[in-house]
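Report on the following structure.
Labels for the chains are A, B and C, by order of writing; each one numbers its residues from 1.
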Amino acid sequence: MHTELELTTAPEVPIEAECLSPAKIKGLSQSGIEHLAMMHGNRKVRVGDFFRVTGNGQSSLRLEGDLSRVKYIGAGMKEGEVRVNGSAGMHLGAGMSGGVIRVSGDASDWVGPEMSGGRIEVMGNAGHMVGSAYRGQRVGIMGGEILIHGNVKNELGSAMRRGLIAVGGQAGDFVGVNMRAGTIVVMGGMGIRAGAGMVRGSIISFEPVELLPTFTYSCWLRPTFLRFYLCHLGQSGFEIDDDHMGGRYRRYCGDSVEENRGEILVFDSR
Amino acid sequence: MRVGKTEVVDTFAEAFGMWGARVIITADTKNWARAAAQSFTGFATSVIRCKCEAAVECEISDTDTPDLRPGISVLLFAMSEKDMSARLVERIGQCVMTCPTTACYNGLENGTTVPVGQRLRFFGDGHQIAKVVGGRKFWRIPIMGGEFLVDDVFGVQPAIGGGNLLMLGRSGRTALRAASGAADAMRDVAGVFLPFPQGVVGSGSKVGSRYKGMIASTNEAYCPTLRGRVENSALPEGIAAVYEVVVNGLDENALREAMRRGIQAAAERGVDYVSAGNYGGTLGQYKFHLYELLESN
Amino acid sequence: MSETKTPEAAKDEPNIRIVEDATCTFCGCVCDDMELTVDLDANRITKAKNACVLGRAWFLQHGIEDHPQAMIDGREVPLEEAMDEAARILHEAKFPITYGLSDSPCEAQRVAVAINDLVLGNIDTTTSVCHGPSGIAFQGVGESTSTLGEVKNRADLVIYWGGNPAESHPRHFTRYTVTPKGRYIPNGKKDRYVVLIDVRKTPSAPVADQLIRVKPGRDFELLWALRALVRGRDVDPDIEKITGVSREVLDELVERMKNCNFGVLFFGMGLTMTRGRHFNSGALLALATDLNKYTHFVAKPVRGHGNVTGADNVVSWQTGYPFGVNFHRGYPRFNPGEYTTVDLLARGDADAALMIATDPASNFPKRAIEHLKKIPVISLDAKPTYTSRQARVAFMVATYGINTGGTVYRMDDVPITLRPAFDSPFPTDEEVLTGIHTRLKKLRANGRKKAA
């Protein structure tokens, strides 16, 4: 059983709806859900003003329609499931610590900011700052998984401390900038300056990467641990071919302006 | 009770509570995985002197291991949780990590865990890397051959050690053929392992000795040469040799099934008697009555 | 500093007035040593002593245009009516934004923040399109800073990165950084070493002792390599191929930086607005911080607009954040990318805009301009602009620094008082904004009464 909310009135300006999360909805009656407060720009509105609600509050939530201007979907969730049939707005899954969010379309900027657990899956593209720290924050995501099947823009996983971020398509510049630890896998190539300022952690690219002058080549290897990750991603719906699973990768360590304990693994097709 | 030509003695095997772990060893090739497993399970026949018991459980194909490489599952038992951690660290550190291309994973999904990679990681001398994927934490330890991978913690669970069958034969050959046939049949059961060479013990022991400091000594009641010399001989006339098959299991059911299959296999090979070792039921927590095993089928 | 006065000597020519210690607001140097000769009959400044070419043009070309004070949809209306309309628009909007502010005195900026606080709006300054990246970097990396006075008195190594002050801030060199003799720099330029790092040879180059040409878009790589070298780490042997600068030049520069007594890194938009943006400024700030292990080193942005630094300061002390601040929830939130004007216009988020002394219709990206055309815009400017011509409500305001007083901040965060030269028939920014603010307060109170 799930609760279904269909966006029937298109917002004029962005909506901020932290209430669209199992934590806030579970146990409420249908009219209880309709009366939950959201922000429409600077006005307080009710969920019922924009959504048609079916069913009472379950721990599984289905959102229908173009929610690309609805921010904070699934914010703070600890368990349960949110499924968005369509696109989602900014701050998807902000601060979540458990549960699963699935988006069939695109997501916007700041997917999973301040996340510490759980999983976000986006079948389409996402924007800038996926799995990143908010500006002025020293540490990004503390755990959990963010899986984007399409492309993402800049600063993927900036300052992340733990967790797994995987991108099936392309990523922009500064992948894993300032990352403290954790793992980023990008399958469709990435922009420049990956790993700038990284302290620890792993960035894996299936495509050639232009590296900063502060990264040093160490060796090529067939990393066993990566097989582990790729199996995991294979089970999560990514297509992983045998070449990438068992193939060789060039290992670079850096960033030497920091502790030089991070690594970038670049698939070597030879 | 007779099964074919074999007389199954109305007795029971007495077994003890232990702690068990399942260790999955993978390597680039099956041979390297085997080499590591062989080394890992060496000198691990009996807790009495080896501090733990271990043997291969089965081989795993490269479609079923955590890293999709050829692998081997090994079971290791010891007397306490604390021992488990120590033994796993020693053996994985000395026998698996040292073996080229290997990685070592926990094979028991279990509530109770003991630190393993957590302690082995210090070999990395500060260069080790922790990774967490799908809730599983493991360590990457840089080594001369590349990288060694090991799970942070291993699951351990209460297990049973000391399940046994005794094969009594009028000829040594018959007894041994029955014992090793039984061992082969028992080994096929998932969750059990046979810690002795090829699964067979040629020198079964009893607890204690007339000498101070000996924890165990020869089991004179089953020594053919002592029939007539000792008063408590358990051997009928004409028995030339007794071989024991010792089996440990992660749970009672697996152990039962293994012993049942062992008796069957021994009977198929026409051994004269199948019996079992016990201490009068005073020492172990578990009793496996041979008749019950056969009847349960 | 002395007060504005009408000197005795000028009395026989009663229509001439001399303003001493006036302030030029044309660029972020905010030179406060101008001596202006004003022809009060013609409402013109005839001489601007001490001003540079840009400053001279700023003062001498300034006149009072014949233009309505206020217009609605291009039609002249009384000021009051325009303020009513502006207040109504802001009051009714669900996502009102305010942008600009860098060419207004602090007093007006303060009212703009108050308006946004009241209407639960979104306030942003031109910082978000020039040194916003530096603002983000200050937060992330911290800033090791000083005033220009300290630079003048102490700096023996001056590095300009991605800036061309000879053309953009002509008196930067002569007032503060290169030629002036300072307390510990008794021989002026002879005691300083000046390095220019840029992608091309600019008119600033002759001033420098050394020009380092970096490949376009490679500033970050160069900065990163310098950071590594300062820390005693190695860098990619192909560094020259990557950045266009040889390892020898880098090593020499690193030695020079480590061994100076007081070093300063000035950086301009050539660094902040190229690929990498806030990371470029962040890298430079981090380099300055790293160097403090060896010597005293500071980093300063060279700011463009007259009072953009004031905008940062005012918005910061009022809201806690320098730009891109949102009040929708009744308290300030900061998130560049989300609450910065270009981004939110491009996404089509805002439904009304208050544009203060800025012309986004001429310099924003196309998507942002398109959305701006769809929503009611209120503009305040001292001259007609693309934005004011398209605005629903347009106010013509007096020019700050020439016609109005107030306070502006120099690029090194030093506040400076303005001394106006002559009066203007136009209201000040502050007057218009205060008028709107007062009306908004009434509207809010009425709204509450109605609701109650």
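Definition applied: a residue touches a chain if its C-beta (ideal position, glycine included) is under 8 Å from a C-beta of that chain, and two chains touch if they have at least 3 such contacts.
The shown structure was predicted, so the numbers you read here are calculated from the model rather than taken from an experiment.
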Chain contact topology (line, ring, star, complete or other): line
Centroid comparison with chain B (C-alpha atoms), farthest chain: C
Averaged-CA centre spacing for the pair chain C and chain A, given as whole angstrom: 36
Chain B and chain C: spacing of chain centres that average the CA atoms, whole Å: 77
Chain A-chain B separation of Cα centroids, rounded to whole Å: 46
Chain A residues within the chain C interface of the complex: 12-14, 16, 39-43, 69, 90, 109-110, 128-129, 134-136, 173-174, 177-178, 192-193, 196, 211-216, 255-257, 260
Chain B-facing residues of chain A, complex: 143, 162-164, 181, 183, 200, 202, 221-225, 227-229, 231-232, 245, 261
Residue ranges of chain C touching chain A (in the complex, touch as defined): 93-96, 119-121, 136, 139-140, 220-221, 224-225, 227-228, 231, 233-236, 238-239, 242-243, 275-276, 279, 286, 327-329, 334-338, 349-351
Chain A contact footprint on chain B (complex, rising order): 26, 66-69, 103, 127, 129-134, 138, 140, 146-147, 149
